[in-house]
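Two complexes come next, and they have one chain in common, chain A, joined by chain B in the first and chain C in the second.
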Partner chain A sequence: MFSRACQRLLLPRYLVQNSSKVLLSSKKALPVYTKNFTKFSNYRFYSSKGDVKLTSEVYPSLKRFEHFKRLTSDDIVHFKQVLDNDDNLVLTADLDFFNEDHLRKYKGQSSLVLKPKTTEQVSKILKYCNENSLPVVPQSGNTGLVGGSNPVFDEIVLSLANLNKIRSFDNVSGILKADAGVILENADAFLAENGFIFPLDLGAKGSCFIGGNVATNAGGLRLLRYGSLHGSVLGLEVVLPDGTVLNSLNSLRKDNTGFDLKQLFIGSEGTLGIITGVSVLCPTRPKAVNVAFLGVESYEAVQKAFTESKNYLSEILSAFEFMDLNSQKLSKEFLKQKSHPLDEEHPFYILIETSGSNKDHDDVKLESFLEYAMENEIVSDGVVAQDETQLKTLWNWRESVSEASTIYGGVYKYDVSIPIQDLYRLVEDVKVRLSDFNLIGETEEFPVKDAIGYGHIGDGNLHLNVAVRRYSKEVESCLEPFVYEWIKKHNGSISAEHGLGFQKKNYIGYSKSDIEINLMKQLKKLYDPKLILNPYKYINFDK
Partner chain B sequence: MSSNKLRILVPIKRVLDYQLKPRINKTNDGIITTGVKFSINPFCDIAVEEAVRIREKNADLVDTVHAVSIGPLKSQDILRSSMAKGIDSSTLIETSEKDRELEPLIIAKILKKIVEKNNSNLIILGKQSIDDDSNQTGQMLAGLLNWPQATNAAKVELNPSDNSINITREIDGGEDIVNAKLPLIITTDLRLNEPRFATLPNIMKAKKKPLEKLKVGELGINLENKLKILKIEEPVQKQPGIKVSSVDELIEKLQEKKLL
Partner chain C sequence: MFSRACQRLLLPRYLVQNSSKVLLSSKKALPVYTKNFTKFSNYRFYSSKGDVKLTSEVYPSLKRFEHFKRLTSDDIVHFKQVLDNDDNLVLTADLDFFNEDHLRKYKGQSSLVLKPKTTEQVSKILKYCNENSLPVVPQSGNTGLVGGSNPVFDEIVLSLANLNKIRSFDNVSGILKADAGVILENADAFLAENGFIFPLDLGAKGSCFIGGNVATNAGGLRLLRYGSLHGSVLGLEVVLPDGTVLNSLNSLRKDNTGFDLKQLFIGSEGTLGIITGVSVLCPTRPKAVNVAFLGVESYEAVQKAFTESKNYLSEILSAFEFMDLNSQKLSKEFLKQKSHPLDEEHPFYILIETSGSNKDHDDVKLESFLEYAMENEIVSDGVVAQDETQLKTLWNWRESVSEASTIYGGVYKYDVSIPIQDLYRLVEDVKVRLSDFNLIGETEEFPVKDAIGYGHIGDGNLHLNVAVRRYSKEVESCLEPFVYEWIKKHNGSISAEHGLGFQKKNYIGYSKSDIEINLMKQLKKLYDPKLILNPYKYINFDK
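Let's look at the complex of A and B:
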């Protein structure tokens, strides 16, 4: 695992790559978030056509729940009191950062952002909101990809940013207890000092909070090795919609005493309760990490490489990612690099990472795998990182694809689970469909620039990104429900790891049965009868 | 003997990886070296890249490109990696793990022997290593061999017409362009080039390239360091500043600290 002690590869700040005016606004400096200079902080990557449209305007059929109260100045006075009359904790102006998602696809109309500092304050706020039928959107790092952490109408935004302390760490068991608002990268840096690693890693690590990661059951780059948060989270501190504080942060590896309630909240996307504290079991930090970046000629070769890598690398394999050629072309443009790690173009690329306790052993294993792969023509070309700097560079070619997809203006993201053999066919079918609808092309008149595929193939998880010059209903209706129906036909999941949020709440039926959906609704109504917590998301309660 | 052709020598060093934070050992006289990643010194990597590029651009002018490293057995990793990038052959001068690290002057004396053994006429090495930041080895070697030296190179151009080389050097005021005939020592600076990745086919081929091993004690050089490290300590942590809420408060604080 590369060291967190040093500054991450500082990427140049991006100018929009098209004909319209350059929009780099430093007016929207974000005081709290500048501590970690990351891809997402400080500057917003702007969609080419100026301001973001209000979600309520883009989806006019959506109606604000009538039983929700509207905010009054008395409410604001009350919240100010709860939050020690500190003006930094109660924001009523310049709320674009909180109202917009970072893909600049969704925008809410909240007029109040609260930033409590303690669990008790969160509890008081929720209790009051519940009593007064005031809707609340819990917000972590606001790096979600399905609009799940932004208001739709005038919901109050409750930001977890100020609950950012690491509470304790036991370096015998590896159990970390921390506030929900701790930035993932910071948690990992802390663990690195102690010889441990956070069992989750993803591109937004410099901005996302662990509370949000848990609430969305984030998958990330190392699920292959460390498993899902459903396994590594040992306990949670959650504030229920009525203000009750549920504290199950007892950090026991094994505890079979009753229903495992925390599992309900992991992946609940802030609709059952607000996570304020997390207890995570952390593995020891690997001493030796290797990264190989390979070029292969077909999707079959990708699958073959995966099978063989499991054979040869087995317990040291910690990540297996794939990307198609066009995703690397976008990355190259985005990163403004003159050359790619591999000289020639290949239809597919693979990034393999190994992590182990002994460099010499791992080197031998990796070498024998690579030799086998080259000799048997599974792999055409590749490079191996010689030091940490090259390791970061290679990872960057993979991690930057997500943001690179937005450089032409915006992106439609589909994060899906499909049986591995069929996985890439979705990308091909979508390209054909976009072409049939005459929506994809190289010039400005076409809304779509490209459809690319990449992702955690080791987990059967594809990220299909349709890079667009502008968001439009035309493109959306061409893609949806086509993509979801395709997934259903192949018995896949319409949201492998990004969650349902706002974007996919209407499509849960493609992956879950009516019975399952009904049980979920029952639980939601049980914990949140007034539906105040993150309304209009996750499960459809719209009339 | 084709004495006009280039016989390039690239000395390289294995150091604590550039991205890692060094930790001081318990006896405060060195850094912790167990369980941490070691890699090629970034400036040495640039030297390897430059040597390989010179060969690629002037194949008929270059006879051999040879790398040498003075260090523990594990240094063969960086030699293999360099050969995967295009170095023809290499030598490892093995030091014992228990030996204290050798000073630049001793390294220079060892390199002098290697230069004479290989009849090298162009030595390209990193300007300094990131562990001791001495920036001395290249210059001392030039002194011992009585050769010209061009340090902190940002650009290297061959002039085959008169067997000389133009080197653009980084200096405080900007750039300094010097010209020298062979034999010559060049030390590399950051802007010189961007090292390539070692590709798989070449990594496989490099396994068959010659890597000779010598023991440092066999060279007949006195290995006693003239300098003794008394203590290593971390730099003083920068104290956080304080935020003031008004100009008046700022003036007050400055006066308190007797700065106004």
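Let's look at the complex of A and C:
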């Protein structure tokens, strides 16, 4: 812990207890495909109690598109032929894993899951579905947070899980080509062996697929350093709704020959085409990584620390995350820990990560920053990880907040972009509102346990989690559209990284103009005139 | 100069003569708009001899689209009204500057140049043109290299030169919002005052506009460090052909609410809409910059140096440029210099730039790399700049190659992406072919003076310049489609950064599949059904 006395020593001491047993994710041997269902058992346990209600029952006004055909046994026979009559690739029973989202808020009624092994099979499936007006939901790791990858009614689930091969890697240019169904953590472990790093990292890395990451334009923990996928994805292989395979999976860093079509599919959440392959530019893996965990007394101090960290750490700053006190209290319960990295409580915590090529240089830069921050009373207390285990433990206090928010029963998650100076005020205003509506409290009668805030300050990205004992219409209508109106008033985005999916499709108007929404509808109709791909999501076509 | 003896000293000495008088570009006070015509007089002087032939005469098979209306005096009266009857904004005489490209290869026959001052005026102009089927060429700094911003027949030129204001800058997030017509160098100088840097730099920075940079997806000198504009541009204000203003000029680093429409306009070369405003994420300006200029004996050594520089310099590597010997001979003539930074000749030269936040740390990293490279005989000789003037001088030996290629009369420029290992072989093969056709030689009878290669190794981007004494169909047909076929065979791109424009529109098939070209045509027809925006370019609609 830093004390005023130790500043002059420039030698931060690390006092976190070694608690490797609480680490949730561990690196695996690679590249092996891990069955999703096993991976998700933990999430399921924590995410909710009881059965998940059918989405169609929770939203009775939502109607199935009448132009969609009902699935028949003839269709299933056809799909079996396309998938080489391999019974492992055509599932018709025990489909809860695919029908339910992992937050257990949404549940569809699909009776068919297809798990093709090749791009050609995906193409044949979509061509048939398009000709026969059969709706399809593409599904990657099913780690989405807005119900975007689960059916709503009887849509066929097309799982990318069997498209899971690394295709090639060039260790001069750092360009990786891989199937869309490769698990993010597996891709990164493969790259680590070659001295490179995947330019994206996020909590669900052990389960999410890189194709799903691209389809949802995932941001994650190191966007600050490596930028958005719109910059690092060099090419995509995409199957369009009519079965056409659009292949731009090139190995070139620069290509200015025509519209950059692949960009349309990055963040389109499976509504324009199904991504089957990804070409991505990977940076050199940093040789030295430091993590500091700091306590600060106000949100103003969090902002000051951010500005100064950019100044002092510049090119080695790879993450700047903040958490409020209550988020850490939830993590403590979830992790079943008696102590926290910092002995005393602070209103806010910051996790700073540096990644560089020279440990000595990085240490000097980090120490200069910490010295400045302590001397100027921006930071009150802090620890710096001294080894890989401590580093993971500190990250775990940040990464576990998402799951910790669900331990009381469920969570309403709002993942929003707001200009930095206004960012935390949303959490405060939501708490006041929940209190005004008498919905929040310590005892079982109140549906809401707490509202917490944390996120990526560097990206202006707040995660507002309303931890609930049970999902209820009352809480939902207290929060929505209040949260979205608040964000619109502050020129923010109602979805920084989670996407629109099912949850936010009715609220797109809070972030986009009618002109933009009409242009989106135009594009959707151009590529998918029968609306077979991921229907009832993203853009509202029924009003 | 490094010698084997000085390696152990780890103290490279700088031997370049102070030659600040040869510096072509100098920083200006800001933000002041500089009249383009003055800026270009230098280029004009060097770029060619004699008059420029009309594009329509050089390509007689090209026909004016019959559905376009001819401009009338009534139209001009209308445009004058839209532009507040300000005669400075409606030009009808002395239009050579706008009709000719700066390489003096193309010349249109426009009789009207409009210079609106507001987005609303741009909107009114386009609405009228669309309703009346009047074709329009948007023009930024007119620094393009493929004839993309000049008329072909009688298209109206819409110049963005008067949309030249910085709109806002946030020095916490680093987000700049500016009009499309701000000169790149002016934008960067404004950012420098605030401790930030524009995430793009290129030779034409003193004349090109940031809107044109985005419209052509310019890559430039520091893509290696700051990534592509698809990653750093956060929002755009675009006027669509029917006059609709699409405004996504937000200040958010992350926004996953719908298709990322702005991406379509990045690199669309003014064929889908006219960019009037740009929101861009700017990095912290590096406090320390080093430049090393090295001589190496083979192209294999260039590649080795690149791999090792990524390893040793990692997060501080901001440019890795290479030049062949003959490119430096041309620069020497152009710069009227008697000596070169390196005393002896080498088959290849490398310019390495580092940018970081701590000069001492960067020096150590660079010296470690140079020591390794010398000891392992990857590099034969080299100098490191010791001050800002020397740094600019070294960069000037790289940046002047483009203009130096034109001093004998003109240049055929090929800006291509090729997997790194094959990259330089294109230059060698082109030389052999020109020789086989008896077109290259030292005396006046040969149309070709030399074929040289240089470019951004870090991006797999080669500039092949064929320096000619005169433009001729003979040379052109010797080079094309030969060069494009060669690139297709090696899985490259026929345009890494210059775009398609007029020059390469017939060759897009060498880099894109029929499926991709058809999707592009679909989009063009969706946004611009009358094809009024930048016609006869980019995608071929007349075959």
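One rule holds for everything that comes next: the second predicted complex is superposed on the first by the 495 of 543 C-alpha atoms of A that agree within 3 Å, B and C clash if a C-alpha of one lies under 4 Å from a C-alpha of the other, contacts with A are read in each partner's own complex, and residues count from 1 in each chain.
Methods note: a residue touches a chain if its C-beta (ideal position, glycine included) is under 8 Å from a C-beta of that chain, and two chains touch if they have at least 3 such contacts.
Only a predicted model underlies this, so the values are computations on that prediction, with no experimental measurement involved.
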### Task
Look at A:V238 in the shared chain and tell me whether it touches chain B only, chain C only, both, or neither; answer first, second, both or neither.
neither
### Query
Looking at chain A, does chain B or chain C touch a larger number of its residues?
C
### Task
Considering only the touch criterion stated at the top, classify A:V384 as touching first (chain B), second (chain C), both, or neither.
first
### Task
Examine A:I274 and indicate which partner it touches, taking first as chain B and second as chain C; both and neither are also allowed.
neither
### Message
I'd like to know which partner A:L126 touches here: chain B for first, chain C for second, both or neither.
### Response
neither
### Query
Where does A:N217 make contact in the superposed view: on chain B (first), on chain C (second), on both, or on neither?
second
### Overlapping contact positions on chain A, where the chain C interface meets the chain B interface
287
### Query
Hey, which residues of chain C end up touching chain A in the complex?
170, 172-173, 216-217, 219, 223, 227-228, 230-232, 244-248, 250-261, 263-264, 266-268, 272, 284, 286-287, 303, 306-307, 310-316, 355-358, 361, 364-365, 417, 419-421, 458-461, 491-500, 504, 508, 511-513, 515-517, 519-520, 522-523, 526, 538-539
### Task
Give every residue of chain A touching chain B within the complex, in rising order.
2-3, 5-6, 287-288, 292-294, 341-343, 359, 370-371, 374, 379, 381-390, 392
### Summary
The chain B residues in contact with chain A across the complex are 17-21, 35, 37, 39-40, 42, 45, 78, 81, 197-201, 203-204
